[in-house]
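Consider the two complexes below, in which subunit A is the common component and subunit B and subunit C are the respective partners.
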Partner chain A sequence: MDLVVEPNLHALINSSTHKWIFVGGKGGVGKTTSSCSIAIQMAQNQPHKQFLLISTDPAHNLSDAFGEKFGKDARRVTGTNNLSCMEIDPSAALKDMNDMAVSQANENGAQGEDGFGGLLQGGALAELTGSIPGIDEALSFMEVMKHIKNQEKGEGERYDTVIFDTAPTGHTLRFLQLPNTLSKLLEKFGEITGRLGPMLNSLAGAGNVDISTKLNQLKESVETIKDQFTNPDLTTFVCVCISEFLSLYETERLIQELISYDMDVNSIIVNQLLFADDDQEHNCKRCQARWKMQKKYLDQIDELYEDFHVVKMPLCAGEIRGLENLTKFSQFLNKEYDPTKDNKIIYELENRK
Partner chain B sequence: MDSGGWIVYLCIFFIFFGKILEYTSSYHDRWFANLTLTPEARKLDGQYRSFLLERQRLREENNSISAQDNYARWTKNNRKLGELDKKLNTVRNQMQETNASSKKIFGKIKLIGLTIPFWILKIWQRNHVVYHFPKQDLFPKLMTGVWARGWLYLALGPLQYLRNGALNIHDYVPLGVSLGIWIWALQTTINTLEFLVKQLILTKSVNPPPQKTKPRTEPEVKNLQKLEITDDKVELD
Partner chain C sequence: MSELSDVEKRRILKERRQKKFSGGGGSNRLNKITGQADSLMSTESTLDQKEKTPESVNSSKQGEGKNVPLASDKNPQVSLFKQLAEQDSQTNTESPPDLMSMFQSMTGGDGKNGTPPKLGTPPVPVDQSVLDYHNYLVNNLKAWSIVIKWIMLIPYTYMVTRDLPLSAPFRLLDSSNFFSVLMGFEIVATSIYYSKLQSIEKSTSVNTMMYGSIIAKLISLIPDHAPQQKNLKSRLFTVLQYWDVVSMLITDICFVLIILGIFSHI
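Coming up: the complex of A and B.
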């Protein structure tokens, strides 16, 4: 008997095991709308669980999508009981680290403007590190480590599932490579500290920091993340694309890369579809021509990804912003969009002021 | 040349056989593969050839179709190409492992059969005279000494001069060209000829890049001057 794969994300939305869900794809294909929709649907279908939506894209859109301001700390979405959002802000996080370094330097005896504290006054560390390539990914990774530690210790707000609204493909792949890269790096570093451990500890003795212990702790955390990210019951990646050549090409590249990282990927959301055949009421020639092109690529997607959940989402008449519109739109992730029955909803979104 | 002709012929054989091996080094892998006639090596060779043919076919197919019109076919081919590249890499590594032992044996044979005997011959017969000079004062004393005793004579020359007050070549009778110097001269000649053939015949000439921009000429400067705003009048299209 052939296994039929449902053209929706019902299984994922109702999944009780998934802890990390990544949503990614090429720029401008609707990653934020899709990640918000997945988060809303999960929150609605599993009301007893807590969900966190994190934007790791340096150009954050979550605040715009929900129509309310989110910052570097998780904040509950107005009108929901179990969905929070946060936008990782590299500059703010680095400023905090800089302030901490200043206070620590001052505590250790460097007084006034002459000491190390004085050197860091005015956010020197933040300015220096803020320009390092990949710092956004590193900070996102630190956030993941923080959540895992919180869960282990039972401290702070505990979230059952974290959904990542990721940056465009290149950034995301770099972020997902981090556990592997760090793991290898720490392994090499561990070998060196094994030989030079006492000397390194004596060098860092002034701050009473045991370097090898800290490295071992970091290595354990990285290994945990690596294990969790490669476990298909805990982590999955949802690819978002539009029915156009370049978007599909990048999706294929993303999928192949994810497979090479041993990450689970079995869902594709195809956004901005016109379904013009079933929209005879608004006889738009341009839409029909464009839909014909979209159908050509949809057929190719079906042929290429036959064992994937390919979810076909409509292009709406208005912007999908605010909890209400997002909720209406997100229902098609749980139950696939039917162009003949659900056509009205596309125009309902238009009326929002 | 005296009765020691066999020494010269043996040296010529060593030099030219070494050169043949040098020129054919790019074919050695294939020869070893053919010589290693184990069933496993033959199987690997067959696999490698079939994968290469398949990759060639897929590449040609992908180049002949439009990626946008046949996206699924094009992508499937790309996936197959990716898998084939991995397989080719694996088979190549396995073949290299199989060939490594043959290469090792060949290296030893070359060392024992060619390099070491040649060195022994050169050291043992280094003072063997290949050519005799008809006259004693055909070359300057220093050169005559070098021809007969090799480059070491040049290095020891100052010491001998200090000890005897002059360079004495009568010690080196019979006067002539020793085997060491003759081998050096032959190898230098072959290497120079090789260099000339490579440079003059085998290396393709490189044409200078075409000049893209014309040097600015007088009329263009004049045209630029014409573009300057000289009055406030605006003309309609």
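Coming up: the complex of A and C.
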């Protein structure tokens, strides 16, 4: 049976079921531009829903992409009604946790600088934990858990879909492994607390923290996330690449890893394409040579990913920054770019003030 | 033909994708990508590895490692580092020979890479032509070693029976030294024979005793369930090896005795 796979993300942009959309790939291929574009298109095509774009990349770019500052709290994007952005700042989040721990310790009777609270004064916890490998991913994950809890309880700001602008491949894979890893870790903790529960509770101190209950709650949250991340109707991963060997290789590796995690991946965005054959006015020998090289890998992409939505995006004359340019660029995700009809737009972006 | 619904389409496409990535498809795809670019990047696929050694998410629920400490494989950071380490090690195609493999090659090897199989392991089926060639070489060696030994023993035995007055360098030919000279000669000749035999076994990867001796084959069939059975097997093989040497010695002694008798009457 010959199925035509649309070379666009129209189905995803208009999806009513997806709650988690990850956008990732190797560094420098246009992940942030693509994630912003997907978020903008979804917000425009589904105005009655709320969307949140989170950056899990420690080297955040969302603020630069939109031309306005975002922080660890979700903030509405200027010019939109239903799109918010958030940049998770590990050091700030850890400092918050540190401050909470200090106040908790002081409440529980620790005396000034002699007690546990004193140890944590000055952000000691943040300093200790801030450089642990994977801390960024762990904090992003905690943010995800917070949103799921809010949705279940009907508390706080509710978002229908969360789009993740992820870090380059390795970090993202670590993040996606967290549910499985945590689940196994919590199993072990569960076994230990089951045997040593009362003793551990007394060691936890006057706070009377019931460790077993807390762990069970955490475990349930993690299991919920695991189930959601492996449900293709709720979660999908959009790979971003460029038409070059290393990017193609990394994309294939990434897709295989994601499949091994039972994560749905059915869309690939190929950025920075020259389409030099269709641009006779602005054409040089270098562009022709580069386009020839791109075509070689593009043919391979078409062959390898014939069952994927492969969206081919043009290389624009300038940087794609600001809501206006991102909106113009993002339209080609919904309806594929036609190099003969749409090429004027890539030069219009150049003229941004 | 009715049009498929979106859900049906998605399902069919998903199945197609899964089919392409399963059953070795992952590595094939990576091979295709690297092949066309003449790249040396690794083509080992995590999907293919996962299929070979499936690690169930629920394996931790089966009570494994009850006494495993917290800072172990289940620690996410440790397991992540291990995964990275495994990925690095998989790119190595050759590792330096370890002590065990070196000992193995010295003691007889495991039948792979040109080393004959160890004594005690059931003989690996060998091509009949190779076996015939091996037997031919071994018989050839045996025949020549016997001929050469006997050619050297005949004049020595003659000299001994004649009781000639000898100057210092030739006192070895004195009849009082006969036995020690004979034993020394046998030791040297047997050592040369066995080193030649080992080089033949190495070149054909056939263990002469395992394929030549019915008794050795029967002994190799004894199962290794208990340590006593293992000890018994190794002792029986040692006895067989010693018998091989002893039989050659007995043959030569018999020959020498016959020659002595003949020369005594001449």
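Operating definition for what follows: the second predicted complex is superposed on the first by the 351 of 353 C-alpha atoms of A that agree within 3 Å, B and C clash if a C-alpha of one lies under 4 Å from a C-alpha of the other, contacts with A are read in each partner's own complex, and residues count from 1 in each chain.
Rule of thumb we're sticking to: contacts are C-beta pairs under 8 Å (C-beta built on N, C-alpha and C of every residue); 3 or more make two chains touch, one makes a residue touch a chain.
Not measured: the values here are computed from a predicted model.
Putting subunit B and subunit C on the same copy of subunit A, do they fit or clash?
clash
Quick one: classify A:F308 as touching subunit B (first), subunit C (second), both or neither.
In the superposition, A:F308 touches subunit C alone.
Once chain A of both complexes is superposed, is A:D264 in touch with subunit B (first), subunit C (second), both, or neither?
After superposition on chain A, A:D264 lies in contact with subunit C alone.
Who does A:Q228 touch here: subunit B (first), subunit C (second), both, or neither?
It touches nothing on subunit B or subunit C.
With both complexes overlaid on chain A, does A:S183 touch subunit B (first), subunit C (second), both or neither?
In the superposition, A:S183 touches subunit C alone.
Applying the document's definition of touching, compare subunit B and subunit C: which contacts more of subunit A?
Result: the larger residue contact count on subunit A belongs to C.
With both complexes overlaid on chain A, does A:E252 touch subunit B (first), subunit C (second), both or neither?
Both partners, subunit B and subunit C.
Return first, second, both or neither, reflecting whether A:S63 touches subunit B, subunit C, both chains, or no partner chain.
In the superposition, A:S63 contacts neither subunit B nor subunit C.
After superposing the two complexes, find the one stretch in subunit C that runs into subunit B, choosing from 114-122, 168-176, 204-212 or 258-266.
After superposing on chain A, the clashing stretch of subunit C is 114-122.
Between subunit B and subunit C, which residues of subunit A are contacted by each of them?
Touching subunit B in the first complex and subunit C in the second, residues 245, 248-249, 252, 256, 300, 304 of subunit A appear in both lists.
So in the complex, which bits of subunit B are touching subunit A?
Residues of subunit B touching subunit A: 67-68, 71-72, 75-76, 78-79, 82.
Would you pull the subunit C residues touching subunit A in the complex into a rising list?
Touching subunit A: residues 4, 6, 9-10, 12-14, 16-18, 20-21, 26, 29-30, 32-34, 36-37, 39, 41, 45-47, 50, 57, 60-61, 66, 68, 70, 74-77, 79-80 of subunit C.
For a test of understanding, state which residues of subunit A touch subunit C in their complex under the given definition.
Interface residues on the subunit A side: 1, 3, 5, 11, 132-134, 174, 177-178, 180-185, 187-188, 191-192, 232, 245, 248-249, 252-253, 255-257, 259-260, 264, 266, 296, 300, 304, 307-308.
Under the definition above, what is the set of subunit A residues touching subunit B in their complex?
That would be residues 245, 248-249, 252, 256, 297, 299-300, 303-304 of subunit A.
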